[in-house]
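Consider the two complexes below, in which chain A is the common component and chain B and chain C are the respective partners.
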Partner chain A sequence: MSGLPESFAAIEGVEPARLELDGVSKSYGETTVLDRVSLTVARGEFVALVGPSGCGKSTLLKMVAGLEFPDAGHVRIAGTDVTDVRAADRDVAMVLQSYALYPHLTARQNLALPLVMRRLTGRQRLPFVGRFLPGTRAQLAAIGADVEKAGRALKIDHLLDRKPAAMSGGQRQRVALGRAMVRDPRLFLMDEPLSNLDASLRVHTRAEIVDLHKALGATTVYVTHDQEEALGMADRVAILHRGRLLQVASPEIVYRDPSRIEVASFIGSPSIGLIEAVIDDRGRAIVFDRPIAEGFAAQAGATVRVGIRPEHLRIGGHDDAILPARLDRTEFLGADALAHLRLPDGAPIVAKATPEIYRGFVPGPVGLAWNAADLLVFDAAGDRLRPRFDAATVTAERAHV
Partner chain B sequence: MSDHALALPALPAVAPRRRVDHDDRAALSLVGPIAVLMLLLLLAPTAAMIALSLTDAELGASTITFVGLDAYRDVLGDRTFLISAKNTALYVAIVTPASVGLGLGFALLIEAGTELRGFFRSAYFLPVVSLITAMATVWQYLMHPAIGPINLLLHVVGLPSINWLGSSDNVLGSLALIGIWQQTGFDMVLFLAGLGAIDRTLYDAAEIDGARSAVDRFRLVTWPMLGPTLLFVVTITMINAVKVFETVMTLTQGGPAKASEVLLWTIYQEGFVFLHLGTASAMAVIFVAVLLVLIVFQTRVMDRRVHYG
Partner chain C sequence: MSASPHTLTPVGRSLRLLVLGIGAAVMLFPYVWMIATSFKPQAEVFSSGLSLIPEHSSILANYGKALGRIPMGRVLLNGVVVCLAIVVFQIAFALPAAYALAKLRFRGRDLMFGLVILGLLIPIHAVSIPMFAAFRALGLINTLAGLVVPFTLSVFAVFLFRQFIKAMPDDLIHAGRMDGLSEGAIVRRIVLPNAWPAATAFAIFSVVTHWNDLYWPSIVISKTELATPPLGVLFFRAAEAGDDYGALMAATVIVTAPLVVFFLFAQKAFIEGITMTGLKG
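For the complex of A and B:
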């Protein structure tokens, strides 16, 4: 949209770089922030790094940028080990979480800065004197042209002579984006670039960033705590939880086939319903004395957690019900509606459907039903338990591995 | 206050009158006490000083006559006052850049180093909290021409000894040295606070943008972000320097040969030694006026350059 790809076609992209993180760990004193994280991002790929606040996303991204250094493990960019190379020498572009624009410089100067730093020598950058050294003028003119081009592409050309204080949050965000992309990065890092924007601007800018990535082709690592953003934008999603990388897969796989209970809970909104069950001697999961799923190899008596996505939960009469429940209330959300329910032990669970389906529902006793194939079951340690002999899941598993 | 009350009826009556009156009274009762205090403690003495400067008042004399601007003419033609003004200007011109520069330098060093940070912080702040009159005696000893450790040290390295406070060529420089020693620690602490308030992520951005050297980072982030602090430090330092008095009072008494005659010392002599209240007041008015011009210049003109918000 918005003519972005066309404007960027003129900028000859640098070869996008492949990024490899190999067993990267980091602790601050006693607290382990990152625990043996390994991740490979292919050339030109868009990977979203997602996880709850404080799980170590920014720390990991800074490690890729060269602003933090790992205690153990290696970082390789385009095949070169850069573990101990500082940021200024890594040639990586990054949009910082708070944008970090230089408040005393105009947008134009902010955009020009990375180019000035890289294309001019130390002597050429001297105040007053530098201007008269051979080549400075030509370089500055080229930089000015590049800044104008980036400004037009991001539609901030009319803001170029303003200082950050005179801009809205959205405009600042674009300037920060511009400062990162103006130098044709081979690796593009973004730390929650949309988290300071209001909801409608966020959806709009999301699409623009995806277009930008398509046009530039740069390898991109995009950090967000918003799972919806990650699913919607990325080629692959990497889920970080308490410093450990739990799963890296396409948005569809992490949603449909999570490998850990934390992934299942974090991805999807409203989040997945979890019911505690016990495996009986025939491999069935038992809740409130009723079998709700079967075919598990787990030991009899083992506790498992059975996950049901809200859209897989059907509300019906008592006859075909797998579990009895109570409907507390329904919630109209426009295209969707939610039903807030309680299980016999009082635990809340949410169902989602189109509003027509819940029309006329009144609070009171109901029955819950689902397709066994839709259940996601996890053992006590949080690892995924897959029913034996289930052809569909086995295929999915193979595709994933 | 009364101006505001008088202006009210002229305003378009948008809000109900009673409400406005009520708010007004609340505002008055809140501002009132401090306004009265300011009137009594700041404005009244200033007004009295201005009034006195227009008379020939002398302590002990039985009559006071209004002489208009005569006192000012006398003062501006007075050799001692002019020497005093020149000396003060010179003192300020030495002490301000030196202590601001040193303060910034020390602050940057302390900020960069991790160990001993606390020690240096208190060591350099010591002059600020120590009583300057007491420390002046120490300086007198240090700078003593015969037994002073500084001259002894010079002797050891084979340099000629210097008559620090006793020679009219050196005395202002020596006082300035003490002034710098006094002010540097204070400036440093202010700069440390300013450095601490700089957004760390700007340094991350600078690093990503390719600022490799400490000089690059300083030019790109530290210096511009320190602007408001610098303005404040320079203002405070200048005001403190203009007000130099204690060292002159305890060490040199303005001498030798008026070589360390400074404004506050001259005013003090005129008013409390010669008891010429009228002349002393005129000098004080000129002194305050110069100070005000300095402050207004710095806050109005410089402020626009250092605040980016």
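For the complex of A and C:
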């Protein structure tokens, strides 16, 4: 991993491009895949596009690539409208989920093909004849050198003469990465590039891709269904749900301050606990006849969903308990432990803490407690409801966390 | 019943060999008889005894006649030229069409594929008379081009390649587009190399069919020097007044030998191609 940024600093990068998606929509027949998605990715920024499978994130990426075309809306790269420009003319590189290496070519030829297509003229690419045209040899030599350089930087130089069938999944992934970056793209797209790797390799490669992004400085859009990858790698995370972009913000904001209930439940592992509550006439959220949060402007009688992250849920005695619950079992995960609980109505909820805290816990009745400031409350439509604390109180309470 | 369904007892195995052996002998006998006859003098051909080994060899006389009475070298060369031209054009035309039908989205695609299927149902015999009239108007009668042109568009090839290309991952095509390949370049640089098993299988079928074809050549060709191998045999028979069976069989052996040798050398590719294994690398 070390040495990677340095070796790439040597390759002079093309100016990274700014990407703008403006009201992009797409439907297949009756199914709306993308619904007026607008997103701007700044030059050199790393944005992760995340969402459950089938949310339209891959379709959106293909539209940026020029492999799919929107029904409405515009795609602009570096200020130029490329909505109807085909992939071959967009100068965008992409790592596909299946890697899609050319099976009949060696790794070296796989890496060289995009350069051959871009740097040689049509006549220079002719079989046999092209080799003898002026300039071809020099270009081919330069391409060979660039391929070698990329191979060394990705530590695949010993694989260059192998065909994809003779490589492991991790090796293929690196070759695919190499094929995308060897031509210094101004926009770099990745469609779940790590999903076919085993867990340890995935963490390792994750760090490498981040390093690579720092070194190349290319604008990057990274599609993943793994929220952990998105939070860990991206400058900003864009959450897509059923074809709609719900929130685009820094990893910390989407985790701590989600604007929609889908964002809150998708981001975070184990996922956020959601308790249904009713607002009473004093603006309090009531669950099982107990007020659990207060200060809401919602109409009395309105149903809300109160979200609480597992790590914010405290298990204690009955004295300071906000809600009674039942502990089913605890689960040891190494650095963390989970407590699987049931609310009085039988709904499951999970708490997370260090194993020491749960040591000696036995299944049975317990009390649940939390800080009101940690709650994330959503109205029936799924929009975030913020308590009417004044801003100062909220900030002060957050500082305690 | 101790043996599993997939392993045969020694008796079962011998039985299987016996049945296959008899089948093979029955299938091979006419060809072997043809070779034997090509070695025999006229008197022995018409003798009532059944004997594979000739008493008096007449090999030189028979093969000498077969090679001498008609320009056999020219006839074989015609066969090679015609078959090669047909198969090259067939693949060159069918592959892009099949790629479009398999991987591109355009209005009327399904209708066009339906027409391809329909094309599979029409035998050449049904259209040979209008085609003959057209070819005469175009001056293609008694030319090698007249032998090649009707077969350059093979709906069977389009169908076969379309099914094969359909099984190729879309991502492969997407990667090609991202790498700056035009659709034509995708066909040449990605689809063709990866459709090689299908192309080989098709090439084998095509060469066998057109090497052995007698129907269309007998319609467009009336000159011996333009004859394809089977037509050459026909001309040879006419020239020999039809009763010198030793020489006639010698000519037939010469004409069929290239395909047999081709099969023996390319047996593996032949069988692989036909069963279409090795689809995925």
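In this section, the second predicted complex is superposed on the first by the 389 of 401 C-alpha atoms of A that agree within 3 Å, B and C clash if a C-alpha of one lies under 4 Å from a C-alpha of the other, contacts with A are read in each partner's own complex, and residues count from 1 in each chain.
Throughout what follows, a residue touches a chain if its C-beta (ideal position, glycine included) is under 8 Å from a C-beta of that chain, and two chains touch if they have at least 3 such contacts.
What you see is a predicted model, and the numbers here were worked out from it, not measured in a lab.
The superposed arrangement places chain B and chain C in clashing positions on chain A. Of the two partner chains placed by superposition, chain B and chain C are both touched by A:117. In the overlay built on the shared chain, the residue A:65 is in contact with chain B and with chain C. Shared interface residues of chain A (contacting chain B in one complex, chain C in the other): 62, 65-67, 86-89, 92-94, 96-98, 100-104, 113-114, 117-118, 163-165, 179. Listed in rising order, the residues of chain B touching chain A in the complex are 199, 201-202, 204-205, 207-213, 216, 220-221, 224-225, 227, 308-309.
Chain C makes touch with chain A in their complex at residues 169, 171-172, 174-182, 185, 189-190, 193-194, 196, 281. Those residues of chain A lying in contact with chain B across their complex are 62, 65-67, 86-89, 92-94, 96-98, 100-104, 113-114, 117-118, 122, 163-165, 179.
Residues 62, 65-67, 86-89, 92-94, 96-105, 113-114, 117-118, 163-165, 179-180 of chain A are the ones touching chain C in the complex.
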